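Alright, structures below, take your time with them.
What follows is a pair of complexes built around subunit A, which joins subunit B in one and subunit C in the other.
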Partner chain A sequence: MIIDWRELVRTSLPALALAALLGAIFWLQPRAMSYQGLNLLLNLSIPIVFATLAQMFVLTVGDLDLGIGGFVTFVACVTVTWLAEAPLVGVLILVAAIGLYAAVGALIELRNLPAIVVTLGMSFVWFGLAVIVLPSPGGRTPEWLIAAVRLRPPGIPLAILAAVGIGLVGHLLLMRTSFGVVLRGAGGNPRAITRAGWSMLQIRMTLYALAGLMGVFAGLTLAGITTSADANIALRYTLLSIAGAILGGSQFTGGRVSPIGAVLGALVMTLAASFLAFLRLNPDWQIGVQGAILILVLALRAVLDRLAGER
Partner chain B sequence: MAARTLCAALGAALLSTTAMAEIATGDTSGMRIALSNNFAGNSWRQAMLKSWDEVSSQAVAEGIVAEAPAFTTAENQATEQAAQIQNLILQGFDAIVLNAASPTALNGAVREACDAGVVVVSFDGIVTEPCAWRIVIDFAGMGTAQLDYLAEKMPEGGKLLEIRGLAGVFVDDEIHSGIVKGVETHSQFEVVGSVHGDWTQTVAQREVSGILPTLPAIDAVVTQGGDGYGAAQAFRAAGRDIPLIIMGNRHDELTWWQEQRDATGYETMSLSIAPASAQVGFWVAQQILAGREVPQDLLLPTLVIEQDELDYWLEQTEEGGVTNAVYTLDWTDKMIEAVAAGEPVPPTPTAE
Partner chain C sequence: MAAWLARTGVRDWLFAYVGAVTVWLVTVVIADGFGAMQTLTAGLGFAVFYVLVATGQMFVIATGPGNIDLSIPATVTLGAGVAMSVMAGSDAMIVPGFLAAIATGIAVGSFNYALIRALRIPPIIATLSSSFVVQSTAIWYGRGLSIKPPDALQDFTFARVLDVPVMTLVAVLFTMAMAVVLRRTVYGRSVLAIGQNPKAAHLAGVDVERTRWVTYTLSAALAGFTGALFAGFSGGVSLDMGAQFLLASIAVVVIGGTSVAGGRANLPGLWGAALFLFLLVTMLNAAGVGSGVRQLLTGVLIIAVITAAGGEQRGR
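Moving on to the complex of A and B:
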């Protein structure tokens, strides 16, 4: 197998950032270095990892999804209401929501609309639907889902297993199949892909549907962890997912993405906040410092990219 | 750590056999209590953090606890606060006092804390997870208290204007239900008009101005706080007699009341929640750690200001802020006992 150096550089940076953060956290808080500690540190990262993958699928085709936070919120609200009380209806709603995501992709392709505007609009739609489904905080996540995210597999915490699994499946799908090559090609050079006989409409719809699917997983796991929901629960995920995906080596221009990098990026975003909390940094500074960490890592990536002879 | 736990366990064991309904004296000097707060962006929350700081620094100085820092999330989001709580568990805090971003979305993290043996006490923004303690503010009581006062003041009854809060918010529903209940009890009163003032003076003024022309003479205005001053301005602008307006402990409201009292002998009352409820959270957590059996659902009275106490309370109120109080361990003890016995909770403490 030929080693893809660019790929390696792209993924090694978030991996190094993650290792550095983990090291710093273990040093500040040795209690974190246990099964239960890692579990507490990382369990909230599972939905963020899914949301970041969703963002990455949309980034693949060069779009940006500003609606993912609203969508995850909506899914969480459906999970604690319909999915709990009438599972069949709940499943139908979630499937329809994924269909709607694909339809949004189709709309963007057919009318040649800027994705950033359409998805921003959709974020309000999802938020509105979430309020309709769950007007006041509450609801109860189905027990099987709570039990699923509370699983304590022997040896390795669930969050780590999930991150590895999600990263590998995403990697195989996008980087190791010819279908994945077409999806990525659609972002890098749409004209060449259309000339080769592929339908951009189908490709965009597929990617948006995949994003919707990941969003559903994010909402389900989030509701499983919190056991209950409210209509503001995941609004922050939009920015977290963009930051995580970009940190992990995806690019706004499309075509260049890395599922493993996105997973690592999501973990870095989760841990950065914990790291700052352990430092007991004044909260007024935390957002700024989180941003500074992000800029630092991105700057490092630009340097590494140059060293690797990219561009 | 093990010795500490043993110490606490011994203290708890001792206490459970001797005095149950008294201040628990189990050793908590090695223990750490954290405040998890979701928002610091208004004067009420700033006053709350200051009150926490006062009680915690004093308790640390007296050796009651080892430390009691406050943590505020950078953004007012439930997912962030859930992560914050999990970080606090990791840092080995013995108790977490919690003002929650959501009554339900933190339940998973609160459960994790309970499972790890951490005492969780929620106040103001409470959580529904059964393993946590809740210091519930008696919002409905805020409504009934207004009607009780009016019934005493005007035994013959009269026509009322009700100013409500932000539509769709739990607090608004609760206070309103209290007022409805109060009107049922004192049936000589009748609510002839109702507007939403959103707890904001300017909104209240606009809304009251809008409804006034359609109303008969009003005898009294029942409110939710943050709206009394605006209502008074609306009555004045319409050239009407200013009725008895219940105030909500805001600095502008109390100042206006004081001016009116000095000028015309105006009489009313004022009530709201004291930001120092965080101190009650602290003492409840400390008492649980010291081994006391505390009911899971506790009640906090509203801070009521009556005519003769106006000058004192206005001094306790920062400009642009809300009236605050100081809750001591003794007061918290009385409150816990009253709740456990099913009696009415003691009134908000005043300085001796």
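Moving on to the complex of A and C:
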């Protein structure tokens, strides 16, 4: 029972961090505790949640995606240009982009390449394509997309509904289906998965395609919120998505990932950025607070692990 | 010939030099022979910054899979800010300014190592977390810091002997010294041993923890130093001056022939790769290509190089 308690605290760390952060914000500014307040606080979280999920899918197989920020930027730039002016072409470009993501996964698997370097190269490719598609800041997001992210469902703000929905779908897919077990197993013990008759090539391509799909959603929602785009719009998403996924309990090895944790991690990262405004502190420290919270959560996790080791 | 190339390790870095020379020749042809030497001089000068940060990154990467320093860009910016404010535009304060930048790097590197050790997290995550904090500090510290570098420092970064930047000659001596450190000292041997097999290295009596600390500190100290030098070269501090060094430091190491799987390191390759990256941009500029296509081709080339070179190694 005692070990169960420890494990419970360990897995609920991201949720505890989110609760602590929300509590602090509500205490500093009680008016944030309203539909409108939460809407404003969490609005920017939707694309970050998607990007973090994308990163988590790549982490599932033990890889790291340094290109997701560039990819989300590219998708946002396509959204405000092609998708707005020639929707069919725009959709085709986005589908092809997901295909390219799967192809990158295939290349990494077939040639046994270090993913960190290949995705690093891809980040140049995506940022370059983004500049080609949208040479100067501007463009216009399609109205239907702007309307979609401005939806005001009764009772619960859209961002919260979206976070819960994304977390549940990710959880069901990865943690509750037999295919999800295979995908995670590929990160834990690829040899066993291959012996059992599964193709590592197909698994890696599937996970990278899922990451690409999440990246497309991230770019679409980001463009919906900002209504226009530029070629630096998601520069920070690469590091933010890694931080969010790790904060949520994903690890590099053993296929240990957590979709719900990743969603919570992304929310914590988003709130950490706006937390300073409530403290009336210098916004220069925004990134620093995100880093400090990440370090704090990792430190608590390390303490719990050490306690378990001594027992 | 082939056997000699493989045995001496020349094969690993030859590729980068062949690439650099090819790109330079194409540039010269595009420009009808104009500015051939100027291009090379500019490349040799700019390569210094890439090589310095990549040297630190290479020692980190050589300590094994999962070891990578993501805090380099933030440390470059912070080092530049600290150095410029210590120097305060005065020639007499140049040396203290560089020492302050190096000290800043040593602090960041020790912090990185403390996170890796105390939290038992992968180095990528540790350096990522600390880079958030360091970057914030750099932004806060550097905001409104419009101090011009001392004249003597700026003159030094542009000084030349027979078309070769003096800065480059000094940096070449430094990389040769680091090659000796890598091959002939206990520390250098320890780095490679840990990269090949940390357990075996530990059993063989290598002080794994101390070697790791020195390696992360070396990387950050070089980043801080590079920041100070780069601020002198570019005429001051800007808040995102370090940003380009994240991708560049990793790309230079990999194109230079160092395996991401660790246990191997390749100093000569860094110069070839740094020149290749700089001359590539110059060539695409000379060809009148826009910045989008330039980035796109850079990415495609990085992937092409790793695909051509990789295969046998298993890393992340």
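In this section, the second predicted complex is superposed on the first by the 287 of 311 C-alpha atoms of A that agree within 3 Å, B and C clash if a C-alpha of one lies under 4 Å from a C-alpha of the other, contacts with A are read in each partner's own complex, and residues count from 1 in each chain.
As a working rule, a residue touches a chain if its C-beta (ideal position, glycine included) is under 8 Å from a C-beta of that chain, and two chains touch if they have at least 3 such contacts.
Note that the structure is a prediction, hence the values are computed from the model and not measured.
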Partner chain in contact with A:A148 - subunit B first, subunit C second, else both or neither: neither
First, second, both or neither for A:V117, with subunit B first and subunit C second: second
Touched partner set for A:L161, first subunit B, second subunit C, both or neither: neither
Of subunit C and subunit B, partner touching more subunit A residues: C
Subunit B versus subunit C as contact partner of A:I287, first or second or both or neither: both
Touched partner set for A:G128, first subunit B, second subunit C, both or neither: second
Which superposed partner A:V182 touches (first subunit B, second subunit C, both, neither): neither
Touched partner set for A:I225, first subunit B, second subunit C, both or neither: first
Intersection of the subunit A residues that touch subunit B with those that touch subunit C: 135, 284, 286-287, 290
Subunit A residues within the subunit B interface of the complex: 29, 31-32, 36-37, 40-41, 43-44, 135-139, 222, 224-230, 232-237, 270, 273-274, 277-278, 280, 283-284, 286-287, 290
Residues of subunit B touching subunit A in the complex: 40, 69, 71-75, 77-80, 82-84, 86-87, 89-92, 102-109, 111-112, 116, 128-129, 168, 170
Residue ranges of subunit A in contact with subunit C within the complex: 62-64, 66, 107, 111-118, 120-132, 135, 231, 239, 242-243, 246, 252, 282, 284-292, 294-295, 298-299, 301-302, 305
Residues of subunit C defined as touching subunit A within the complex: 66, 68, 70, 115, 118-122, 124-125, 128-133, 135-137, 139-140, 143, 247, 250-251, 254, 260-261, 290-303, 306-307, 310-316
